[in-house]
Every structure is written in structure tokens, then in C-alpha cells.
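Before anything else, here is the set of structures, which you'll find just below.
Consider the two complexes below, in which chain A is the common component and chain B and chain C are the respective partners.
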Partner chain A sequence: MDTDIQNVIEMKDMYKIYPNGTVANSGVNFCVKKGEIHALVGENGAGKTTLMKVLFGLEEKTKGAVYISGKEVNFKSPKEAIANGMGMVHQEFMLVPSYTVAQNIALGNEKTKKIFCDRKSEKEQMEKISKQFGLAADFDEPVYRLSVGAKQRIEILKVLYNNAKIIILDEPTAVLTPQETEELFCSLRLMVKDGYTIVLITHKIKEVMDISDSVTVLRNGQTIKTLKTGETNPDEITRLMIGRQLKPKRERVECKDGKTIFEVSHLNVMDRRGALKVRDMSFAIKAGEIFGIAGVEGNGQSELIDAIIGFLKPSSGRIFYNGKDITGISTSDFRKESIGYIPDDRNLRGSSLTQSVAENFIICSHNSGKFNKGPYLNWKEVRKDARDLIAEYEIKADSETALVGSMSGGNVQKVIVAREISKKPNLLIACQPTRGVDISSIEYIHNKIIEQRNEGTAVLLISAELTEIMGLSDKIGMLYNGELVAVRDNDDSVTENEIGKYILNGRQNPSGTEE
Partner chain B sequence: MKQKLKNTNILSTVLSIVIAVLLGCLLILLVSDEPLSAIKSLLVLPLSNTFYMNNIINKVTPLILVGLSASVAFRTGLFNMGVQGQFYIGAFMTAIAGNYLTGLPKGLHIAVVFLAAVCGGVIYATVAGALKAYFNINEVVTTLMLNYIATLVTSGMTNSYFRDPDSGGVIRMRYIPEYLEFKEISSLITAHAGILIALAMVVLVYFLMKHSVLGYRMETVGQNKVFAQYGGLNIKLITIFCFAVSGGLSGLAGSVEVLGIHRSFFDDFASGMGGDGLIIALLASNHPAGVLLISFFFAYLKVGGQIMQQNTDVSRELVLIIQVIMIMLISSRMLTPYLNKRKFAKEVKKNG
Partner chain C sequence: MASFFFQQILNLSVFAIVFKLVAPVILAAIGGLFCGKVGVMNIGLEGAMLVSAFFSIVVNAMSGSWILGILAGCAASIFLCLMLAFFTFKYKAHHIVTGFAINTFASAMTIFLLQTFFGSSGSYQPEKVAMIPVVNIPVIENIPVLSVISGHSLIVWMAFFSVVLCSLIFYKTPYGAHLIAVGENVQAARSVGIDEMKIKYSAFVICGILCGIGGAFLSTGATSMFVRDMTAGNGFIALAVISLGNARPYGVLRGGLIFGFANAIAILIETYPGLSVPSQFIQAIPYAVTILMLTVHMLQNSRRMLAPAKG
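After this line comes the complex of A and B, so read on.
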């Protein structure tokens, strides 16, 4: 055996069945060579995270064998895994907000001088690591003041500080802007050069191609294939991930000079605590046009939407729909208009998990005369209509009486999309319509949105996902700190980088770097 | 899936009842010198003659109404702990209207008496509903407080202004005119006609909850308030409406008790009624048909307990023990879906 490129991680025939009967892994084989970046890809629910949790000792395996550097191990807790040179950066950060960066990094592994903490030598080591891998950090800053990207750097520093040689990153770029992602990848490359091994969990194929050396594809809890990244292409990986070819994107039909359906003029909105979150915003959307608002979350998106749908009263400015002033409309009246609204919070605002699919479908239409005769609600009709929608929108549900909470995220989102689009809206407001859903559902939802546009619906698309904004929009508004700092037609001249700069820095300094 | 869930629900409820009764019997074996006779009195004798059976029907009538009252609120995600207070207000208003509006034509008088009782319950509950809807004041606290007010104010009034001078040592109002009283249904079924009202309400509430637009809205608010609000439902109105219906049913229960059994308002005459209503709704999973069955079971045990106390050395408080065991069994079963839900929420968070 070649000692130079031995397998640092080897997982053989892994099974993981949760107590409630969910089979997360059924026969996964996973090998990672020393000194490589190994991408672990698969759709939501394919078993990536579970596999890594078993590896890291967070979950107990049902069956299978795990070898680290050729030695069989069976970690009962993350502590053992860390002691064996492993480190994991979770999707949700596990930092103490009020502690400083240095305190957070050292937490659990403090250096001591007799009975005192040796903060000085701790910091020296941190600075060394930080410099070596280009992971900039201000060690005396409390963590709550840091941006998401910076917090992630702290998590990685912490793992390195604990002497991990094998580092697992769970969807690290989900929260990052393109620039931050690039910086992260630079650091990862430096680490690999230094002999570290990295496992990158992701479902973004572009990243797989950009950075990984090999890639393992999981589907339905099984290993489909392990490939050298250099010997494959994005289409192949996609095909392996979802088990079929993606359908081509729906053609766009040019809509000539549609009339203005929706207009926002000089809108200012304060949040409930009185902070101005939307500043002097103006835009208009014509029929058959998708207006995409790009922006990092928390830059006024939710306040803008809340003002439009009547959850918040704008402090000044007007909102027009079909030429009618709907500023300050009540939510009840807003929902009576033929406006579709796909909220970003699908489990709370968008659907009622403990009710059936049919009950979820009729939230806006139960009193429209279609399903009711006065106070009498005709459930037969409701269920028939629900069955039709389930078939038409390719929703995977046991029946129309299945609880929405029993369905996967992608299917819940499809229920919402079906409900809102079946209204035949003149205006469709879609907020993060594909966040956290699987590739097939993303594809489906995107095509539905384009189909609506082609039929002459005005679409307001709000998303933090730049590829989504760029792939769908006719016009792109860049949102920074509650302001639309730029509005561009979405032609070939617009690049992801340019949008990234606007939404990170606003208009003052479009060429500068972060902070 | 929903169907399956329902079936396991019914199964585990029945099972809980059986286990509770068996444990009750076990307890009798331990404490009694004549256990077989006690068990027979508790479980078999209530069905042995028409007198006991009619007794059961009379007992079940108010239980159905207060059970429905609580379940309407539970279904909307609201806790009407004020069933007791609304019940007393309904009973009190019945006695007042029955005694002091005697100038009216008889038919009209009957209608007015009912109206007064129901309105009393509705208004009293709506106070809590409005506070919840407009100021988001916790309805559990307000309804519990309002119970004290209702109990004490009706007690005070009955003890002073409205006390029957001929009542002797008992604190009560005058008896209402005879034509207001419920008649016996027939010579065989000597129970009072209140049961017909209760059964009609079961049907009505079933229709409201399962087959009406309002019922759908109430359930949606109960399941996910944010979703309901985002869907354009008027939560404030639905909250108030729900309390009004709930209060109305409780008020009606009070009225039926006065018209059918007591013929007057006695000071604090049915102190466990509100609690029974809440428990029945809980055990019935807020389903009107379930309320009917559980109420019957409760009434059966109450009558059985009385017979047992008369005939043997076991006191009727044993029935309370059986009820409590039942509540524990069923509410621990109710934890299961709650736990599943939490697990599910966690899963969603994990996998995005």
C-alpha cells in the first residue's frame, strides 16, 4: 500500500437508522485520502450530515466500521473525535456571543500556567495559525459584533487550535457572499498544502468543481459514486445526485411593454423597535417582468415585505398595485387581491405543519364561494381540488389529508407555490422561494416562476442566493442597508462579483473590500 | 396518516379508561371489606333500573355542555379556564330572569330566560376574549380570575338582595315559576328535557367545527396563528367569537341545571363543573362525539359512585381517583405527538 496517499478516513458499509425508523444511511462507503479536499454531495436528506455526525461521534452508528488512518475507531462523543485529530464546523455556529474571539477559540482547551489561564501563549498560537492560513480575526472583539463570515473563520480557527488534522465543514458557504466564499477557499487550499485533510459537505456543484480534489455523491442514504473532480463535470455530478438529468430551463418569452402592475415609491419602513430598515425605496414592476432584489439577509427585506403585505405600516411612501394605492392595507384585504405571496419562513408563515395539505391549500380561498355556500364548507370539493393541485404540481404526498409536517421541505415549498400560483396572480411576491429545498424542487419552482412571468405576471423576487437572482430576474435591484443602491437590467454585463460588491458595500465604495 | 392517527387516539383513550377502571377495582379490593358488592355497585348497578339510568341522563346533560364549551376553545388554541364562572353566570341569570320577569307571556318568558342565560355567559367570556385579542393578556389568567368574581358575586347577591326569605338555612333564591321548569321527557324516560338541548348542541358544535368556514378558521388559528394571520384571517375577531361560543355553551349549561334540577340558584352549587368540562374536552381530544361519550362515562361513574357509597363501605371519592388516573394516562399519551412534533422541528432545523 502506498503510504503517502493512505486513506485517513475510511467508512465501510455504514448504516444509520434513527429510533423513529428514518433510515439515514444504508450502506455508505466513504474514503478520504490524506491531504485532499473531499466534497461530500447529495440532496437534502441524502444522509451527508448524518454520516459526518456518526464520524464525529455525535450520533451512534447502527452498523458499519470506521477507520481513521487505518485504525478502527468507534467514537462515542465528539470529545474522543477531537482527541483523535478531528474537527467539525457545524452549519449553525456554536460560539458564546458575549465572549471575545480569543476566549471562544480557547474554550474547552485553555492553556494553563499553574492554576491560571495563560492567555498570552494562547493568543500567540492563535495569531500564528491566523497568519499561516489567512484567517483574519480581531481576537479581543466580542463575538456578537462579528459578521457571519468572521464567525465562521473563528469556528475554523477553533478547530485548528484544537490540533485537528481532519476538518469537516458542513455547508460552510450557505451563509457567505461570493467574496467571503473565495476567501474561505483560499484558506482551505493553504491548509491542504500544509497536510490537513478537509471534508466539505455541500450541495452546490460549482463549489465542488472549484475546490475539491475528489467528490463522493450520496443519494437516498447510499454511496452512488466517488469520483476525481478533474475527471468529471457538473452535469455528471448533478445527474448522480438527483438520479436523472435536469430539465432545461423554461424558455423566456419577451413581453413587450407590459403595463406597470406594482410600484413602490419613496417607501420608508421602520421595524417594531423603531429602527429605519427600508430607506426611500422606489421601484416598479411591469407585467411579464421579474424584478429581483439581491441582498444579504437582514438588510430590510423582511420589513419591505411586511410593509407590502400589511404586517407593518410604512412611515412614509406609497405602494401601488394595478394603479390602486394599497399603502397600509390590512393583511386580510391584501390576501383578497390576486397577489401570490411565497413567504421566506415556510414552516411558520407559509404553511401549517399540523394541518393537512388540503387545509393548507384553502387558507385564502375557503371563503371565496368556490368551496363554501355561506357558512357551509364543502370538504368534498376542497379535497377534490387538493388532489388536482397535488397532481398538477407534482407534490409528493400520501394523500390530500396527509399532514404537511410529514412532508419534506421541498414538497412543503411546492404546496405553498401551488397555492399561491393557482390563484392566477397578477403579481407574485417570492421571498427566498428555494431556500433549503432539494435540487429537483428548485428546478421545478424556478420553472414555475418563469412560466408565470411568461404568462404576464409581475414577479417580485427576493433572494440572498445570487445565482437564483441572476438566473431568473429581468431587472436586479441591489439592496444594502435598506436602500436600493443600484438597479440594473440583467444582461450579460452584470457579474456576480459586481452584485456582491454592491450588496456588501453599498454605493459609496463599490470597489473596496469588506470592512 | 391522519386517519391512522385518529384510530390510535381512540384506541389509546379506550385503553386508558379500561386501565383506570381496573386500577380503581384493584383499589376497592385493597380497602373494602365487601369488594365484590362495591365493584358491582360502581359498574353494574347504574344500568340495573330506570331510576339510575335517568339519573345518569340528568348528570350527563350539563357535562356535555361544559365539555363542548371547553373543547371549542381548545380547538382554537385558547384555554377557557372560565367555564365555571360562565356556568354560574348563566345559572344566576336564569334564576333572576325566571323570578323577576314574571309579567311576560309564558312562551316569551321561557325564551327570555334562555336568552338571558346565554347572553350572560357570552358577555362574561367575551371580556376575557377581548382582553386577549386586543391587549394580548393571557386568557388563562383572566378567565381564572373571572371565575372568582363570578362565584363570589353570585354568592353575595344570592345571600343578600335576591335571597329567598323562606329559604331557611340554605343560601338560595326563590324557586322559579313551575311553567319554566323542564318537563320529564316521557313516563319511561323521566330525565328532564335538557338532554335534548345538549344533544342538539353536540350536533351544532360538530357542524361548526367540522363543516363550517368558521370552524376551519378557528382550527387554523389554533394550529398556527402566524400562518392564519399571514393568510389574512382576522385573529382578533376569531378569538372573540370563540370565547363567545364557549361562554354561551357554559351559560346554557348553567341554565339547564337550574331549569332541570335545582329550580333556583343555590350558592356555589356545582363547584366542580368547570373542571369537569375541561377534563372532558381534554379526554375527548376536543371532538364533539368524544365529548358525548366521555361525558356519559363520567356521569355513569358519578351515579355508580353514589350507589357504591350508599350500599357499601367505599366512599364515592374513589371515582375521583379513577378520573385522575385516566387523566394521567391520557395526558401522558398526549405527550407523544408533542414530542414527535419537537423532534420534527429539530429535524427541519438540521436539514434545512
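After this line comes the complex of A and C, so read on.
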């Protein structure tokens, strides 16, 4: 075979067809040179993760050939891949919560003295790696206590500890703050300098441009093109990824009415353990305004939302909707108001995975009369309505009876968005509305939110994604440790860096310009 | 009455009763702990002990060897545990339902064999049983107080030893680290190349061995007969003991001893001359104590869960 020794990974004409008939890869070619950072990009369902799982021995290929450093291989298990110097950092953390950091890093590759684990010599090696690549870790801390950023570092330490030379990172920045992302990239650069090869799966174009040397674009299970990052631009990559130009963002129309729809005043909320998570929070949202709350997850977002929707009783403070006090309202009464609520966890709260699209659409309106016929549901009407929504919101579903659990994340999210927006809400509460969905779905959902705003809906947007906050909001509230430490009009003077400083450091804004 | 108990404790016979009662419970609990660590609540402990009790005494009586008896019991018990593992892992049957079926099967099978081969539907009492030996420790057996550790069945020692061994395996060996990892986050284990099935099945084999030893003790150590359903809830008590011990080996030991003492006291009260309390009431004491301990334990746990996390 005419394989180039320079190519540490070479995958030729790869096919992967799942037993249920889903075609994940159909003719992928993928080459990675030694010592480069190679970005593998594509939308959700383009086949990136499947390709890497095949490479790592987690899935069996249907057809094709894989070469590692010029040698043909066919890994049957991750064990073989690891033995051949490969390592993979998965999208979900592969950590054992109760184990310490050190135990997690050593898992599967423990050093032994006689028959017992030799934790001391394991730790010496870990400390060496940690220092070399700037990956700080507290080795004796149990993993469940760590922040996501720290967990991510542990994952990378783990593959390095297992002597991987080729490292695959599957969307490593999805859960990181901009600062954490920058730290991660610093470590990656150090690793490449040391002769490591890195494959970075992502769908964030900015990261591709920031850090990669080359980029391969996948779409619908096929390789579209491999490019040198230096010779391309974000627009070209986006076009290759989605197969068309992005639609321009919907224009904002200034809303004249400006009546206050939603107001939170001096709200304090404790979580179920009795820890104060929302501190003296006050804000108001007018009709036709998007109020974005930026913040690292776990700074009180869920408690704020739970207090609004009636899952938690606030310990003090009031919540007003249309001038009516709705503090401590029951969730069922809350849902009877014309308020749309897009929860942050689409699988847990947003949808019922084991039910059909049509059933998911009527989750809140099954008793509204529209879908009832005496004591029964009017299934004909339910189905018709579902078909209309599927068409209107461009949801990819086989039919209105398809199970939501069988659909991709982006489409599930669209089902939820369709349900919440189609009730024509006066107030829309959107939490992480585009987390983990692909570019076209993000584009679609963002445009729908702006459309609602233009029609006079007040929107409360909660997101950890700064680009989303900055791209949509009229006003931005910076959340840190349960407090809104600053509220700014979203004009050109607001920078990502400034927001980042507030949401990471609170009021001690190093630039000293605010507060 | 108080002086009666004091006397009993003073002559240390209470310890002999306690150890005899808890040995099979602790063995089964440690076995169940292995299954629990890989994510299966093995309610088949009861059945596994029962078949072992049956086969060990049968082979024992035929061969005249207690070692062969224990080995036969272990084989039967391993077979039953592997059956549960097979249905649970291969066919994804619910382990509680399967475990229940295993228990019913074990009970029915032993009664059937009892009837078919020994013509009895209640019990089997062979003329000669090679009893599992008692360990008498020279010198120590003659020292007052210290003599409490002498004169116990070999199985009692094995039960205590199993606790120590289990703790070493869980927390000091790579195998233990893999075992717990498989139970807590199987994806994580798989991603570093750990063969989850090997680990899961091995846990059930270990459980089978331990239940086998415990079962053999019931019929050829503590007594010298087999009685239908003679495990009498020991397997379930073992599950309670696991929970009581926070799924940790030394916790299991502690939980087992609490149960054992409650049981021993019930026996002592029963034997107290001239007592007019109904015996059923007294026999319920150990179970009541177990429930009480579980309740206290749960309250403690929920308080710990509610305490704000550090850091």
C-alpha cells in the first residue's frame, strides 16, 4: 500500500453501518500527520464520533482500512488501541466519581508491587506529567468534588499516563469556560511540541482557526475536504460543514411597547440542602427584550429557574409576571400561564424520550380543550397538529409517531422549542437552548428566539455560551455565585473578555472599570 | 434475669452462639458485596446457600470427606450464581426477578431431590456426617477470657478471613479497582480497556464460592442435617447487613455482629427457664433489630447526604 510514514493515522474508504441500518460513515478518508493538531469538524450526525470510535476500537468498522504509522491495524477493543499508543478523551467524562484523581488516572493501567497497587510510584509519574504539560491536579481529591474544567484535565492526564502518543479529543471544550478552553489549548500546544499528535473533534469554527494545523470536514458520513487551516477561513469551513451559506441573522426590530412583562425582585433561593444559591437578585424584562444571564454553570442558574417555575420556594423576594405576583406558584399553575419554558436538560425535563413527537407536543396542552373529545384525547387532532409543527419547525422526524428518543439532539431541541413557542408566549424562558446541538439547529433556534422577541415576547435567556448571550441579548446580566454582579446593555463596548472576568471573579473586576 | 444473662456472657457461651450464627451471614454478605459492587443486588444469595447446604451434606455423607462436601456445595452455588449472572448480563433480565426465580428454583429443587432420593419431604439426616472441624488453639484454649477465640468452627475463621481478604482485594489490588469502576461507571472502565464481562462474571463466581462455604456450614458445621429451606432468610439478612455496612467489608462485619448479638440474645431469652413470653415474639427480635438498625442507618445516611458538600 502506498501509505506515507508521515501519516500517523490513515483511514481509507471507511464505512460504518449500524445493525439498525443507520449509515454513520460512507466512504470517509482521513489522514493525520505526525505532530500536528488536526481538527475533525462536522455537524452532529456527520459521523465524526463514530469514525473515532472505530479508530479507537469501540465500534467495529463495516469496511475500510486503518493504518497507524503505516501499519495496518484493526482494533477490536480500546485495550488494543491503548497498547498501540492511542488515547481518547470522550465527550462524556469517563471517570469514577468516588475514586480519587490518582485512582482514576491509573484505572486500567495500575502499577503493582507484588499483587497490590503501587499508588506511590503511580503518583510520581503523574506528578511528572502534570508538571510537564501544565495540567494541575490535586491527586488525592475524590473526582466528584471537581469542577468540569478539572475533570477535563484528569481525562487528559489519564491518556498521557497510559503512554498515548496519538490523542483524540471529542468536543473537549463543550463544557469549558473561555479561560479554561485557553488553558486547555496551552497544554495541547505543549504536547504537540513534544511530539504528540492530536485529533480534535469539534463543531466550533473559532477553535479550529485558533489551534489546528489542518482540518478535515465531514458531512453526512463522508469526507468533504481536508484543508490546511492557514489556507482557509471560517466562512469556507462553515460552508463545507453545512453544505450552504448560513442565513443572515434575523434583523432586530425595536419594540415600541416596552411594558414590563417579567420582574424578579430581591430574590433569595436556597437549594434543597439549604445552601443559599440565588442572592438578592433583581431584574426586569420588557416586552420585546431579551435578557441574557451569562455565567458558569452551577452559579445559581438552576435554582433561579426552579424558583420561577415552582420547583423551589424562594426564601424571600418576589416574582412578577404581567404585574401579577407569581412567587411560589405551583408548577401546574405556572404552565397554565402563557409562558414558554425551554429547560436546560432536554432529556430529563424537556421531553419524554419514550414517547412520540406528537405526544411530546401536547405535554402541557393535553387538557386545554383543543385536543380533547369528552374524556378522551382527540388523536386525529393531536396528529394533525404535530404534522403541522414538524413541517413548520423543519424537524427531521420520520413521522409524528416517531419516538423522541430515536432523534438527534438538535431535533429533540427543536421539538421542545416548537412546543414552547407555538403556544405564543408572552414570556419565553430559554435555558441553554442550543447546548450540544449542531450549527444549523443553533441557527434555527436563535432565529426563532429573535423572531419571538420581535413579536413582543419578553425573553429570559440563560446560557453558559458567551457567544450565544452576546449574539442574542439586549441586556446582559453577569451571574457569579448566585448574584447578578453586573448588568450591561449589550452594545459594541461589551467584550467576551469583560463578561468572562465578571462571571469568573465576581465583583473584583481586575480592570476596575465597573462597580 | 439480669444475673442469668450476665452469667451467660461471663462464661462466654454467648460469643460461641454469635459466631456460629453470623458466619454464614457474613460469608453470604461478602459474596453479595462483590455482586453489589458490579451493580447487581444479588437476592439469589439465599438460594445459592440452600443448594450448597444440600449438596455438601449429600457428598459429605457419600464420600466421608467434609472437604469434598464443601467443594460440591461451592460448585452448586457457583452454578446458581452464574445462572443469575447469565440471565442478567446476557439477556438483560431484571436481577431482582431473576434472583427471586433462582431462590424458588433452589428451594423446589432441593425438596424434589430430598423426596426422590431420600424419601423425605422435610429433612435429611445421614447416619455419618464428617463435620467441618473445630479449631482448638492450644494454650489459648486454657486461658480465661482469651479462650473465647478458641473452639470455633473452621468456617467461622474463614468468614472473618473473607472480610479481611475482601477489603484487601477491593482497596489494594488492581482487580478491586476495576471491579468498583465497572459498577460505578462502566463506560469509564470500558474506555480504558477493562473487560467488563470478565469482571462481572468473576464477581459472581467469588460470590458463589462464599455462599457455598456458608451453605456447607449450615448443614455440615452448625448442624449435621439438611432441612428444607434451612437458610431461613439468612441470604436476605445478608443483604440487609451489606446495606447496614455501607457496602464496605468491615461495615459488613460490624453489621453482621450486631445481627448476631440480637439473635444470640433472643436464643438466650428463649432458654431462660420459666419465661412466659411467646417464643414467636422472641424469635422476631433479631429481625426487629435488623429493621431498627437499617432505619437508624438510613437516617444517618440521609443526614450525611443533605450536609453541604465541602469545597
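Everything below uses one rule, namely that the second predicted complex is superposed on the first by the 454 of 515 C-alpha atoms of A that agree within 3 Å, B and C clash if a C-alpha of one lies under 4 Å from a C-alpha of the other, contacts with A are read in each partner's own complex, and residues count from 1 in each chain.
Simple rule for what comes next: contacts are C-beta pairs under 8 Å (C-beta built on N, C-alpha and C of every residue); 3 or more make two chains touch, one makes a residue touch a chain.
All figures in this text were calculated on a predicted structure; none of them were measured in a lab.
In the superposition on chain A, A:Ile115 makes contact with chain C only, while chain B stays out of contact range. Legend: residue contacts after superposition of the two complexes on their common chain; A:Lys204 is shown touching neither chain B nor chain C.
Looking at the superposition, the partner that touches the larger set of chain A residues, chain B or chain C, turns out to be B. In the superposition on chain A, contact of A:Ser352 is made with chain B only, not with chain C. In the superposition on chain A, no contact is made by A:Arg239 with either chain B or chain C.
Contact with neither chain B nor chain C is seen for A:Arg387 once the two complexes are overlaid on the shared chain.
In the superposition on chain A, contact is made by A:His366 with chain B only, not with chain C.
In the superposition on chain A, A:Val96 contacts chain C only, with no contact to chain B. The interface of chain A with chain B overlaps its interface with chain C at residues 92. Within the complex formed with chain A, the residues of chain C that make contact are 168, 172-174, 177-178, 180-181, 184-185, 187-195, 306-311.
Those residues of chain A whose C-beta lies close enough to touch chain C in the complex are 58, 77-82, 88, 90, 92-99, 103-104, 106-110, 112, 115-117, 145, 158, 162, 272-275.
Interface residues of chain B, counted against chain A in their complex, comprise 1-3, 211-217, 219-220, 223-224, 226-234, 340-341, 343-345, 348-352.
Residues 20, 44-45, 49, 91-92, 174, 309, 331-336, 341, 343, 347-356, 359, 362-364, 366-367, 372, 375-377, 379, 398-399, 401-403, 405-406, 409, 435-436 of chain A are the ones touching chain B in the complex.
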